[in-house]
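Letters A, B, C and D mark the chains in the order given here, with residues in each chain numbered from 1 onward.
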Amino acid sequence: MGVMTDMAELPPEPSGWLSDRELQHVRRELPLLYVNVVPVRLDASGQVAEIGLLLRADDDAIHRALIAGRVLYHERIRDALIRHIEKDLGGVALPRIPASPTPFTVAEYFPTAGVTPFHDSRQHAVALAYVVPVDGDCEPRQNALDIVWITPEEAASEEVLRDMTGGQDTLLRQALAFCGVLP
Amino acid sequence: MGVMTDMAELPPEPSGWLSDRELQHVRRELPLLYVNVVPVRLDASGQVAEIGLLLRADDDAIHRALIAGRVLYHERIRDALIRHIEKDLGGVALPRIPASPTPFTVAEYFPTAGVTPFHDSRQHAVALAYVVPVDGDCEPRQNALDIVWITPEEAASEEVLRDMTGGQDTLLRQALAFCGVLP
Amino acid sequence: MGVMTDMAELPPEPSGWLSDRELQHVRRELPLLYVNVVPVRLDASGQVAEIGLLLRADDDAIHRALIAGRVLYHERIRDALIRHIEKDLGGVALPRIPASPTPFTVAEYFPTAGVTPFHDSRQHAVALAYVVPVDGDCEPRQNALDIVWITPEEAASEEVLRDMTGGQDTLLRQALAFCGVLP
Amino acid sequence: MGVMTDMAELPPEPSGWLSDRELQHVRRELPLLYVNVVPVRLDASGQVAEIGLLLRADDDAIHRALIAGRVLYHERIRDALIRHIEKDLGGVALPRIPASPTPFTVAEYFPTAGVTPFHDSRQHAVALAYVVPVDGDCEPRQNALDIVWITPEEAASEEVLRDMTGGQDTLLRQALAFCGVLP
């Protein structure tokens, strides 16, 4: 079971895109391109005040997760970011997609544990990770039970980090470090 | 004559800060810390649509300039960014100060031409350079005659770049490159 | 004809990886993950002294190219960088793979021209782009006719840039901007 | 007592630079520009294998420290990096100064605790922070008792971090996060 179970449930794709069965096959043949998003609330000076984490029910446990999803054929990364943020936070979150295409880090999820800090048993996924400020109202969608906003201190606490899977606890702390708010 | 003439005209500082005469002296003894800002308008997907350039009258020529200014004692870089943007674009520009403190580049202005691409005859200034999206209304203040919004294509044109001094033409193109819109 | 023709000619892959025919199919279904490398020679202070460009014969024209190639299933990006550098510069180039996984930019090559500055008629490829210093001897391999080392000034000249295809001229200037040596 | 006590003890400067007494005065009037360096050993794939920490005796305690020092008038940041690395690691450390001038973060040391994660009771110092691979032999110089090489896991341990002062424990973890090796 992988951290990104939700990503299998993609919105319907135009014909010409991979069927579920084909995707299943390709997942053992190619690294798939993903985006990871750490949604944040900023104060007036641009400093991170809160981080938004999704609550997901997965199998028989509840865990916290970042926004994550696949980049589709002929989709710009910017558009993939918007699509996945909308999927998880709703249509009025008002995300501020960064001007620069450079991610703050690249998370390489391997099907084999231990090669990198990131693990996804289903596939080899390479995720470009972005911090995205959101200004609007967020409401959980699809298979997220809730979205919880917590401070950087709370986000870096043992209690929160142990509820994250696949290495997303590391990715979250990398985002805090990038924003200068790693406690 | 340097590109950052305006920066000498700082807002009144609390007592304890340097007098003009002391600043004059220190300028030949220490590198001074500056910020440079490239103000941009973003489209809905976060891509740079327009860049804002200041028009300044300097001596007997008019040139185009980026926002620039000194970081004061006990001032956070975030607060220096806000102060200088407000100084040049007015109080309702609604700047989006970046979450991360990492600049897109560092511009080292030397009093001697040719050491780096950046030159300021008055001083050795090291500027942390940021791209800052602004959402609100901008109106020129202080010694800016006007602020003009131009596309990335226009910004990279010979015509615009030759009106910039001190190496700010290079800095502008570095900003376009960072945002993935260098024509 | 695409800029990355050479990338189709991958070294033999372990069984389990995609056949040429499958790859052909997948290319119209998924964005493929690539790396782009700008090889550089640094002076003692770390400043870029020279950039290495490959000369390639393609169809009936000769063009200049950056190092580029696909990331394979279960391959770390670091290992893909080493493999492709070795493929193009030989086994004694002594590349200095960066400590950070963050690319200096992400180049999105679309099969449709004009969506981004990058174009590859064969596929939708997303390339993580890195500047990699090399210390050793480089000799052209595989389908590169030669490798030529030129200064940043030469690299940014009209003459050099027009010999590059698929938007790699833009990527090269982005690399120069990132390194602070855009003329 | 400040983390950067050692930085007061600068090598003799050419005449024209600030006297100790002047520097003392300026320290209460202007932010001073510093560099911070995290020296690392890389494995063949560029991944951080070890981090070098200085052991310093300060007052009556021993603490661990990163390389730090002031940028002088008319000195390029690259040259300041080389000078301070040489000062602390000796002349045959063979540092690999990064090609890009962009630091991985900016650490703002305030004389008042709590404004930022960084604190220096003597002054307001703004440090551009770089990860610098070193290939050669390192031997402690000046007021460093020793230099110790430890793994990323050890570097992020409570035991090591609590021996660092002024917020350098945070800076060290930011460096690990930037390099993708935050445990």
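We take it that a contact is a pair of C-beta atoms (placed from the backbone, for glycine too) under 8 Å apart; a residue touches a chain by one contact, two chains touch by 3 or more.
Just so we're clear, the structure is a prediction, and the values are computed from it rather than from any experiment.
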Exercise for review: Could you let me know which interface, B-D or B-C, is made of more C-beta pairs in contact?
Suggested key: B-D
Review point. Distance-wise, how many Å sit between the C-alpha centres of chain B and chain C, to the nearest whole number?
Key: 33
Practice item. Quick one: report the Å distance separating chain B from chain D, using the average Cα coordinate of each chain. Key: 28
Review point. Where does chain D touch two or more other chains at once, residue-wise?
Key: 76, 100-102, 104-106, 116, 178, 180
Exercise for review: Answer with line, ring, star, complete or other to describe the graph linking chains that touch.
Suggested key: complete
Check your understanding: In their complex, what parts of chain D are in touch with chain A?
Key -> 105-106, 116-117, 170, 173-174, 176-178, 180, 182
Revision key, fill the gap. In the complex, chain C touches chain A at residues 16-18, 22, 26, 28-33, 71-77, 100-106, 108, 110-112, 115-116, 124, 126, 128
Point to revise | In the complex, chain C residues that touch chain D | key: 40, 42, 44-48, 76, 78-79, 81-82, 96-102, 104, 131, 133, 178-180
